[in-house]
Amino acid sequence: MTEQSVVEETHVQDPHDAGEERSLASDAWRAMRKNPLFWISAVMITVFVLMAAFPSLFTSTSPNQPVLAEARSLPGDGTWFGRDFQGYDIYARCIYGARASILVGLFTTIGTVLVGGVIGVMSGYLGGWVDSLLSRIGDVFFAIPLLLGAIIFLVSLPGFFDSNYLLIVLKVVLALVVLGWPSLARLMRSSVIQVKPNDYVQAARALGASPARVIGSHILPNALAPMIVVATINLGAYIAAEATLSFLGIGLQYPAISWGIDISSAIIGLRTTPHMLFFPGLFLSLAVLAFIMLGDAVRDALDPKSR
Amino acid sequence: MTDTTTRPSASGETEYVPQDGKLLEVEDLHVEFHTADGVAKAINGVSFDLHQGESLAILGESGSGKSVTAQAIMGILDMPPAVIPGGHIRYCGQDLLTMPEEQRRKTRGPEVSMIFQDALSALNPVFPVGWQIAEMFRIHRDMNKSDALEQAVRLMERVQIPGAKDRVKAYPHQFSGGMRQRIMIAVAIALDPAVLIADEPTTALDVTVQAQIMSLLEELQEERQMGLILITHDLGVVADVADRIAVMYAGRLVEKADVHDLYASPAHPYTRGLLESIPRLDQKGQTLAAIGGLPPNLMRIPDGCAFNPRCRMAQDRCRTEVPELREVAPGRLSACHFAEEVIDA
Amino acid sequence: MGTYIVRRILQMIPVLIGSTFLIFIMVFALPGDPLAGKCGERPCPPAYAAAFKEKYNLNDPWYVQYVKYGANLAQGDFGETYNGISVAEQLKDRYPVTVKLGVMALIFEGVIGVVAGVLTGIRKGGFLDNVVLISTLVVISIPIFVIGGVAQYFLGVKWGIFPVTVTSGEATVYQLLLPAIVLGSLSIAYVARLTRTNLAENLRSDYVRTAISKGLTKRRAYGLHALRNSLIPVVTFMGYDFGALLGGAIVTESIFNIPGIGNYIFRSIRARDGASVVGAVTILVLVYLVVNLVVDLLYGLLDPRISHD
């Protein structure tokens, strides 16, 4: 029977078949690069961010200089997009309106990610009574409809917040963060709970790594993906929420420039001057669209089977 | 068992009568998968017959094309990406591949039926098991709900599910793995098919349960004189049940033989490698012989004999000339240029 | 099952108390004097002011006010507005039209969303699929008040297909048709996408392959076996969405001038009328919590794998 005991050494695998070691991030980047939606949304977002940061790159007209004689003039009559009731240049107002939307969207997203992320990680990682308490607190905020809660919150803030532009933006951000964090906390909590039982996390804990280290280097990198997707899509939703609040006359207020305010005042004149509503509406929708598309592209890249 | 002796004829529909006992003839079957990365040739000219009451095992590693063969016979390949560029699959003399889809659909269940590897995902999670068995009678036999359910209970008893009557309304996740596979079998044999295809029916199960399921299949096959195609990668599973074994490699049949002949003296180096890699009690302490290397990428199948890069006996001829599947001894087929030497070794 | 429901209801109580408390302190912080303008141009006579403050517990610290309010609320007493009108009566007038609007929006969501999702999910990558994908993306991107304004202008004002505004508390189904589509538009798009994704995934599942190999028609294998599984997440989404629709109706109601609950809350906030705001929001929160419980129970019925034991 000795002839059967031929030893076969395991062959070295063909490097082309096995592939080099890839991280999730670089894999996702590779998939995303091929997605035209990603590039379209990236270009749109870049343009909007430039608009918000340097509006004078796009227009030399001031958004606050009315030409009353030309009020309600149509697109092409001396201005690209026409003028509104007060004689403001609609094109300039669309450009300058980007700042409020981008600032609110960005700060609200950062705020909800920080608050929701930290609370979600604590709930998921610590579990027990901490989890129960934090989850119930989250439920309390989650049960209040976002828009209604934001309206009440904004109205109840002291007048101090209306003193300058940044504070006005900040108060809208604050309202949206206070009511918006629980959804991200829930998401983060469930990701952490999913990741935590994995062997590599348990091994790190068994080897005596501190909780901060376990969370920072083992749990977070693996639980972050869904959060990134939802946060990107939410950024678009917060831009829409800001415009809605401004539309209702509660978010940003005159003389601040916001697409929502302009749409609100244009609705009365929809019959005769639809262009006043069309252009700010278009800018707003494109901004929301850009972030939703980016979120979709990120999700497709992170989770290839969803497509 | 009284209900097995007569085969109810499909009312007014096509009657299928085996010719010379031949149920199924697969002839020069080709299957390709057209993907973004290229064309994968999953099956490259496979031919075999299946007779009444015969059990044929198709043996091979994953990627050898054994499951694709089964799915092609059953007609459940996803097309696209799958394409069948050539070949015939005849059931009782009629080509399933050219048959109108509606006619072919009616063969699925009453004539040809299939069991899958993972019964948990193969059964619908939201319908009771009895309902899923009864569906066969309701669709193919126009039976009413309560009669069909009665038949389902009878079948569950037949596949030895304890307390069948009480469990007919239970859902798949409420059963153990072995019991679930029994339900899968009950669905498959419900209409008393002539051909039963079992695709890795025991791979997902514990060893003790594996044996029970295999003996149930064997029993049912003998009782109903079905033609059984057993798809597996496990030589141990095959030995007791199969009459003949067909070994597949890279989408081709490389050896076909009676089960005893094949075990006693394989006629292809690949088969020999497979047999040598089974752990044996009488060789304790010795290193297990594994087949070196990996199965080929189906988009780049090597020239000549597909097995040549892994074959210890490979010569220059093997790298250029594709070996035909030929009779190398009475009743034995092998696709190796040096089959005679392999048998004698 | 029974203990599950009891446990869930017990969990609801602190959430309800917490939410009303949150709303209460925000409303308490509302700037402005409730007595302003009560007595014409002049300040109110001290006797009237004292009686007014006594009646509405305005002399108590805010936490005492909350406890008193909460105790009344627990007995079903929603209190009175500063004009002395019963809040409960007003809510009774306002809620039906909002609920009707929400239910209609939900029906549109279920019918249009699911049909669009099925048509696209079955033929992923086809022409229709791309049309629906792009149009849902457009609907999701355009904020509801723009959709509402434009729809009102074209369908109501310009072409006169639908009434422009509603105004009556006893609105007919026809009057609410356009507002309901507008209110549901975002959710219709989400339902379509959710149905599409789930159906496309389930079509590739093992049990659909089994259904085909059982000799079922494609229609039955897809339309019964795959769809039944695909609709589980859709139905739960729609359930949770109902609460959001009621809460989000505020924009639609303000565009179409519907005298519903959103409109009521909005006006009450402007009028600094705390009792009305807290009462109305409390009911919204309660509806939201109850609907969530019902959806979770429904989930258990739809998906036998979920157990509430």
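Order as written gives the chain letters A, B and C; numbering starts at 1 within each chain.
Methods note: a contact is a pair of C-beta atoms (placed from the backbone, for glycine too) under 8 Å apart; a residue touches a chain by one contact, two chains touch by 3 or more.
Remember, it's a predicted structure, so these values are computed and weren't measured experimentally.
> Quick one: which chain's Cα centre is the longest way from chain C's?
Measuring from the centre of chain C, the most distant chain centre belongs to B.
> Which two chains meet at the most C-beta pairs?
Among the chain pairs, A-C has the highest number of C-beta contacts.
> I'd like the Å distance between the centres of chain B and chain C, where a centre is the mean of that chain's Cα atoms.
54
> Just give me the whole-number Å value for how far the CA centre of chain A lies from that of chain C.
23
> Once bound in the complex, which stretches of chain C touch chain A?
Touching chain A: residues 11, 14-16, 18-19, 22-23, 26-27, 29-31, 137-138, 140-146, 149-150, 153, 157-158, 197, 201, 243-244, 246-248, 250-251, 254-255, 262, 265-266, 269-270, 277, 281, 284-285, 288-289 of chain C.
> Help me check something: in the complex, which residues belonging to chain B touch chain C?
It comes out as residues 74-76, 78, 105-110, 113-114, 116, 118, 121-127, 135-136, 139-140, 171, 173, 187.
> Please name which positions on chain C make contact with chain B in the complex.
Checking each residue of chain C against chain B gives 204-207, 209-217, 220, 225, 228-229, 232, 302-305.
> Over in the complex, which chain A residues touch chain C? Could you list them?
136-137, 139-141, 143-149, 151-153, 155-159, 236, 240, 243-244, 247-248, 260, 263-264, 267, 270-271, 274, 277, 281, 284-286, 288-289, 292-293, 305-306
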